[in-house]
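Across the two complexes that follow, chain A remains constant while its partner is chain B and subsequently chain C.
This part shows the complex of A and B:
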């Protein structure tokens, strides 16, 4: 098992290097002149050359990349151009907030998805199953930004049941209850798509397992329906893990629309705001940290997968 | 928003050596989806000729309610007719979603087939490079690329194509690898067919169906993403009529005219549902069943 995890970890390193290279190149092609915006209208060619040399921008691109990477691996993401503060704490804070939202959405999505998946697989022609199928179809097709807006209009602004945006109420001083209240609508919005996908995938996983011979064998041995279902469920865990893991990973990046609509101070909102401000170090760090979290999450899912299903370890 | 991995890649036919050929028909829901997709395409093609200029507004008639005389869907904050904007916006919204999928289909099939047909190193180089793109949360990568290239519909198309190529390539590669070991491929090689001819005549016709099914299911997703990029200000620029931009425009009036933001959002939803159901229907019809992705 340790060998398997070590192998996956070793495979992640070249991927992360590739990720850093893609981000570096993407940032280099961003239009606009960061030096000019730093210098302002009073900049002279001499001051420009001095600043370029101080920031290392006059060196060849490969040298710039290695320099940037060597700072990045020790957690030094540079200074934000717009906010004039260290990027690292800002990005880590935002990542924490995104993880809170992602975790809440993931719990909701898994509970809903598994529930609907089981229902639609086992009671195939019932009304509830039809409704479940329709829900799954609509939830994967829905634009999250619109759902978020509708929830804000009717439940937050209209009915006043929830706060409209943000993570804490500035006047109440925070607290878990306040956070929970702010979390419900964004988490529900973010959970819609993964819930639909988990429901559809889990439905086919349950149907797949239920059609296998060993289920027939268990029935014929006189096991109760409940016991048979327990065996069946055990066999769907690897598929559930894979789908849920992928979905949680996708949530990390997919919540950007939700964060933008609900002004949730996560990494998506930070990157989005930094794009409008052309704050390159923050964009770089934000995307890099998300990709890193994404790769780590996939590793964790792989490890869990190896734990519950020994066949994949080979 | 859905992610790329949400669309289940098709499962190859059971490895019994016998191709199941059963007469299959599309479900009623899938047929309805065909009609809806047809209608959307028709609106995109001829709609702009039937309605007035979407950019002409009369500020004295701003924020008219749905059902107002002369303005079935009301007017927006600048007094422009929402129906006209919706109809004219169909073309761009549809193109912004369709074109990246087309790009991804061609490029992804090419890359996937090349990887599947080449030796260990060629295969490894292509697939490991694609893995790098898999390591990004897709939406965030699209946003970063769109931001890097600057706003504009062509840049949003490029950004979406970049994130759609890797999953399409994976589907094409899996299918190609499955074909490579089959007897008829051996026969083609033994008969002296060139690699190019094998790729085009033996592999492509068999790789195409699952790729087409997969890509159809990607269209709905791509439409939602494209509108999302415009919603964030990274797609088309105002005053162009486009659904995502309309949602973003109308958001400022959510308290005074809440229905306004719902109208373009519903259009996006309907288009996305229709393409997703069509994808499901095609998958059943062509007997390439979806599976839980491992």
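This part shows the complex of A and C:
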């Protein structure tokens, strides 16, 4: 088991290196001149050259990449061009906020998805199962962007049940309750699509396990229905892990929209703002940190998978 | 019921006629003599749109320690017969008739009592040992669960020790290692041994083996059959074996019930049925086997194909394919006729009535 995790960890290193290279190249390719935007309209060719050499942008690309990477691995992400402050604390704060939102959405999506999946698999013709199927279809089909806006219009601004945006209320001074109130709408919006997908995948996972021979064999040994179901659900965990891992990974990348709509101060919003400001160090750090979180999440899912299913531990 | 008992269905083998089986016998009560008595078993699969009768009035008796083979091709209803005895189809099938075990009708038992019978008194060895084991649980844990559910062992320690003992009983040389193994870590033969250990864990009276060797390598098949025969001998378990393999049926011995289209068409001691079949279907089945004497390319087969499930013709179901069929075969479905002591065949054409048979006493009991 430890060897299995070690192998996965070792495999994560080349992946992260590849990701860093892609990010670096992408930043170099995309249009937009950071020097020009830094200098503003008053820049002269001399001041331009001075700034370029100060930032190391006049050196060859491989040298720039190695310099950037060697700073990055020790947590030095440079200085924000737009805000003139250290990038690292900014990005890490934002990542923390994104993880809070992602975790809340993930819990919501898994609970809803598993509940609906079980219901629609085991009570196939009931009214509740039909409603569940309808919800799963609806949640996959509606665009997140508009759902977020509708929730803001009707539940937050209209009915006044929830705060419209942000993470804490500046006047109330924060706290867990305040955070929770701010969290509900963005988490629900972000959870919608993964909940629907998990529901459909989990439904077929349950049906698949229930149709396997060992279920009949367990019945033939005189086990109670409850015990047989415990075996069955145990056997759905590997597929649940796979689909939930993928969906949480998507959430991590996909909360950009939700963060923008609800002004949630996460990594998505930060990168989004930095793109409009051409703040390259922040964009680089933000994307890299997101990718790192994604790889770590997959590593965690793989480890859990190995823990649950002895067949993958090789 | 009485009509069935008087000759159409229930078969009587010579052992029942031994004197100690009488009402005064001290050791042998009727329940012990016949742990399993299946009478006019009918299984109909029901869905919202249609009903399909798959087993159509099967009757047989299985005595203590005895072996009965249900021999038939795919779709003949032999597996469904075996599973219907344990009521494994839940609400997807309606099961009619009677399945008497120790004086109780399994088809009438409430769910809780049925559970104690399943695994406890009647155990199943399914065809595919890989599918019969929970892939995520260790072999030992699957065994101890059954032992504790049936109240054989009450502490984890004792259950674990008993599990290893069972694994040794089924010929596993290193039970401690196998008990801590997951199913995928074992070979097919080892897996089937573990499944057999699960089946015999609660010392059942009846062991239902549904093609227990079909999924195994030929080299392992013989070992598993030997193990089953050995266990049967040691534990005194009655075995109901379902097979499509005439070779297996011949090797394992006991009695054979030949099934065709959801019915028993012939029954009797294995050696008799295989050497001197009395039903045209059994004859055709045996003639279509490749034997060393038959020249290459001259294999015989039965003309036509079995009727689709639910598309049974009036009259004898085999009549459309039968070389001996006469006009009356297409009109009424012949019952299983007693043709000799312990022999039955559902064909009046191949077995014309002789006065001696009907005059023999005690045969219709």
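Here, the second predicted complex is superposed on the first by the 314 of 314 C-alpha atoms of A that agree within 3 Å, B and C clash if a C-alpha of one lies under 4 Å from a C-alpha of the other, contacts with A are read in each partner's own complex, and residues count from 1 in each chain.
Note that a contact is a pair of C-beta atoms (placed from the backbone, for glycine too) under 8 Å apart; a residue touches a chain by one contact, two chains touch by 3 or more.
Since the structure is predicted, the reported quantities are computational estimates derived from the model, not experimental observations.
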Task: Partners on chain A (chain B, chain C) - clash or fit - done: fit
Open item on the list: According to the stated criteria, A:54 is in contact with first (chain B), second (chain C), both, or neither; which is it?
Closed with: neither
TODO: Classify the contacts of A:84 with the two partner chains as first (chain B alone), second (chain C alone), both, or neither.
DONE: neither
TODO: In the overlay, answer first, second, both or neither for which of chain B and chain C A:271 touches.
DONE: first
TODO: Mind telling me which of the two, chain B or chain C, contacts the most residues of chain A?
DONE: B
TODO: May I ask you to decide whether A:311 touches chain B, chain C, both, or neither, giving the answer as first, second, both or neither?
DONE: second
Open item on the list: Looking at A:16, would you say it contacts chain B, chain C, both, or neither? Reply first, second, both or neither.
Closed with: first
Open item on the list: In the overlaid three-chain picture, which partner chain does A:205 touch, first (chain B) or second (chain C), both, or neither?
Closed with: first
TODO: Look at A:226 in the shared chain and tell me whether it touches chain B only, chain C only, both, or neither; answer first, second, both or neither.
DONE: neither
Open item on the list: Between chain B and chain C, once the two complexes are placed on the common chain, what is the minimum CA to CA distance in Å?
Closed with: 14
- [ ] Note which residues of chain A are touching chain B in the complex, please.
- [x] 14-16, 18-19, 21-23, 26-27, 29-31, 137-138, 140-146, 149-150, 152-154, 157-158, 193, 197, 200-201, 204-205, 208, 239, 242-243, 246-247, 249-250, 252-254, 256-257, 260, 268, 271-272, 275-276, 283, 287, 290-291, 294-295, 298
- [ ] Spell out the part of chain B that touches chain A in their complex, as residue ranges.
- [x] 1-3, 5-6, 8, 128-129, 131-133, 135-141, 143-145, 147-150, 220, 224, 227-228, 231-234, 244, 247, 251, 254-255, 258, 261-262, 265, 268-269, 272-273, 276-277, 290-294
Open item on the list: Touching residues of chain C toward chain A in the complex: what are they?
Closed with: 83, 86, 88, 115-120, 123-124, 126, 128, 131-137, 145-146, 149-150, 182, 184-185, 195, 198-199, 202
Task: Complex contact set, residues of chain A against chain C - done: 212-214, 216-224, 227, 231, 234-235, 308-311
